[in-house]
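Down below are the structures I want you to see.
Shared between the two complexes below is chain A, which pairs with chain B and chain C, respectively.
Showing the complex of A and B:
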């Protein structure tokens, strides 16, 4: 509850200022107008449609990028030689901001889900790869030796020993990537893609409806918060304190 | 060689298309409506397209047109080449730079042009800015909607005409929607903008320090409807139909500007009072080679183009 004091105070101050001095700007709106715009967009279903478009793109990108990141993370984590070969290309490609690929991706995919999913997948690939490979290479060597003694094949070793041992940290990687996926999806929509919450925000700004723009912004924050809360709960339920230690890369 | 092959292939496609049309004449006329996704930006310069869509001119000419708002004008060439939109409305500077970079875009029809008598909009300054003469811009920070954008090029031309070296002026990107706010906050000294923001700045006691539209002749294209050469060659009928529909829409707007504005309001959902306060730029369905050449000259003088474009191939006849 204490965490709510500051935001409520700030909103009350903004409302008071807007009512006292009036708003002489095309980019600001009073909190009460923002709330009204939010209620209206929720009531006529627009906000839910935009949310579905954004969340679907974010999740699909997360699944593809995270999946590929996990596969490569396994390779790099299990085979130091592969890690050494891939080190340079990974370190070269990783810093490229995913949105910098937008013009090229637009040529290849055109507007729509494919464009957005591709960019989100690129952004989600790296955290899963880096944290995943670190988690996998950090699996207790003795456990792997047990696997060898039991004469497990490589696939059985991955399935029965490596993945279960690395799972809590892989989940942390997945949770980080989920946060990235939403940010990138909304950014792609603001910059280019005529879909979802980001496009709605850009459209509201361009058509001088700042109240609606802020309403969508508040909603994006709520969606992000809800997804993170959901994943945190899942993490606690599934792994307990195991997921909270060694969470870094 | 590649170009020849592509042209030949496109020509073959067009010939096959024509043959198919001939064979299926009656049926085709009844059902075939060319689908066009049209990329536009949030400006009333696109009123011709809004009217043509809303008042049925596109449909009458056998076109099934959808409109997609694109946030940045400079993204339109990529959207055209990626076939996300088949026709788009780049500014001539964006289109010529895209072609200079290796794309092959062609003008289908005119969209909107400049009006030298427009002194309400342009480079605006706040009250007490101290900018009175063109030379006062030296060392000042001026907001432009995009570096290299149409209005930026126009302002540099205006400065050059007045004998001012534009390299001594600092340009920063400032979106239209924020122009009144940033000027008021004092973070820039002047800003290039248009209505309704120009109206806000005038109401604040600001003024137009550079009426940049006077720097070029009336009707200099500010936006053109463009497509890729491949698409234009493959769809010659649609290209003609598009231009005819736009010409009818322009005539409609001249006769009934209020109804035309109502149509525009359906695509640019501005608050009604704001929409009523904006005068759309002059619309024009025609663009001439000489008008595009004027752009090429302006941009070449500002070292924005590496090569001389082939003007005879730029506009689809």
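Showing the complex of A and C:
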């Protein structure tokens, strides 16, 4: 309850200031105007369309980048020798900021979904690879021996033993990557891609509609918060404390 | 693993890097990928070398690094001071904490349109966005570090007759240091990303702008040289901070 006081106070203060001084600026808007703009954009479906564009790109990038990260994470996690051989290329590629690849992807794909998905995939690849390989190398050795005794092939061993045993921490990896995917998708849209919520904010700013700009910002915050809360709850329900054990990097 | 095996695998890792560059060379040599998109490694190296020695690539690197570090240092100072104030008071945490937590998943780049609305497409816009965007990870990490102080240590401080300042200085700050350093590391990554995006949007001199212009003009060697330099900046800053972390946190191990 106490947590709600500060935001309410700030909103009330902003509203009061806007009413008394009657700001009509290109960069500020009264909270009531922001709420009205939010309601209007929600009612005519624009906001949902933008959200669908952003979330679809984020999910596609997460699936591709996270999937590749998981495959490589399996290789690295199951065979420390492979991990050592791949060490240098990974160390060289990982520090490249995802946005540095924006112009490269722009050359290759042009504007649109493919550009955004490629950048999101690059960004999501690393957390899944790093946390995923740690999770997989942490799988109890004796379980793997059981698989050998049962004469499972390598694929059956991965499907029936490794993935289920590492699942709680793999979920953590994908949860963190999901947060990254949304942030990167919005960043790509703000930087140059004419799609989704990020571009909607830029467009509202360029056409001097601060109420709409702040409304989209609030909405981005709500979407990010909701996805995060949803995944955290799912993690708690599905795995409980299992996901917390050694969940560090 | 035995030392000889380790050395062998390390050598294999170097060879793999060489093989990747070799494959890159062959792909451009035999025209598997258009040169407009993928320059040969030789031409990339040449662009990198020339740009750093006689061209203005060095100036671009300095502009980006300066912007990133300035924003990061300012955000670190404000984040650590504010974070320690909020984090060491249970009352402040209860009142302010939830609002900060709610803002945590918000992309830092979403500040850019607001920054443009206030400052226009200017240098101060980029710096303000870097400062503000970098402040969050720092602030939240510092609060977390200060909040995690063992209550028993607080009692020890009271028994020793420590004042509030002494408790903060001798117990709370060292206790929060790992979190603060982790936050500073994350903040530096955010600062680099925001510098690049800010330069691209506001047309401010730096690597972000130079790679965007190189891509628009299909100067792919310059583009790749810029990307390599940005990777190098990320690598170097992370390395330095990891070393600092090792030094500062040596007492823990």
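Some notes on this structure:
In this text, the second predicted complex is superposed on the first by the 243 of 249 C-alpha atoms of A that agree within 3 Å, B and C clash if a C-alpha of one lies under 4 Å from a C-alpha of the other, contacts with A are read in each partner's own complex, and residues count from 1 in each chain.
Following the convention adopted for this analysis, a residue touches a chain if its C-beta (ideal position, glycine included) is under 8 Å from a C-beta of that chain, and two chains touch if they have at least 3 such contacts.
These numbers come from a predicted model, not from an experiment.
Partners chain B and chain C, once the complexes are superposed on chain A, run into each other and clash.
Of the two partner chains placed by the overlay, only chain C lies in contact with A:187; chain B stays clear of it. When the shared chain is aligned, chain C comes close enough to touch A:225, but chain B does not.
Contacts of A:107 after superposition on the shared chain: both chain B and chain C are touched. In the superposition on chain A, A:153 makes contact with neither chain B nor chain C. Set against each other, chain B and chain C differ in how many residues of chain A they touch, and the higher count belongs to C. When both complexes are overlaid on chain A, the residue A:96 reaches chain C alone and has no touch with chain B.
Of the two partner chains placed around the shared chain by superposition, chain B is the only one that A:209 touches, whereas chain C remains out of contact.
Of the two partner chains placed by superposition, chain B and chain C are both touched by A:27. In the superposition on chain A, the residues of chain A touched by chain B in one structure and by chain C in the other are 26-27, 103, 106-108, 190-192, 202, 205.
Those residues of chain A that touch chain C in the complex are listed here as 2-7, 26-27, 80-81, 84-89, 91-93, 95-104, 106-108, 179, 182-183, 186-187, 190-192, 198, 201-202, 204-205, 210, 213-214, 217, 220-221, 224-225, 227-228. Here chain B touches chain A in the complex through residues 42, 68-72, 75, 78-79, 81-85, 177-178, 180-181, 184, 196-197, 200, 268-271, 274, going by the rule given at the top.
Chain A makes touch with chain B in their complex at residues 24-27, 103, 106-112, 190-192, 194, 202-203, 205-209. Considering their complex, residues 1, 5-6, 9-10, 12-14, 16-17, 20, 36-37, 94-99, 102-103, 105-110, 112-114, 116-118, 189, 192-193, 196-197, 200-201, 207-208, 211-212, 214-216, 218, 220, 223-224, 226-227, 230-232, 234-235, 238 of chain C touch chain A.
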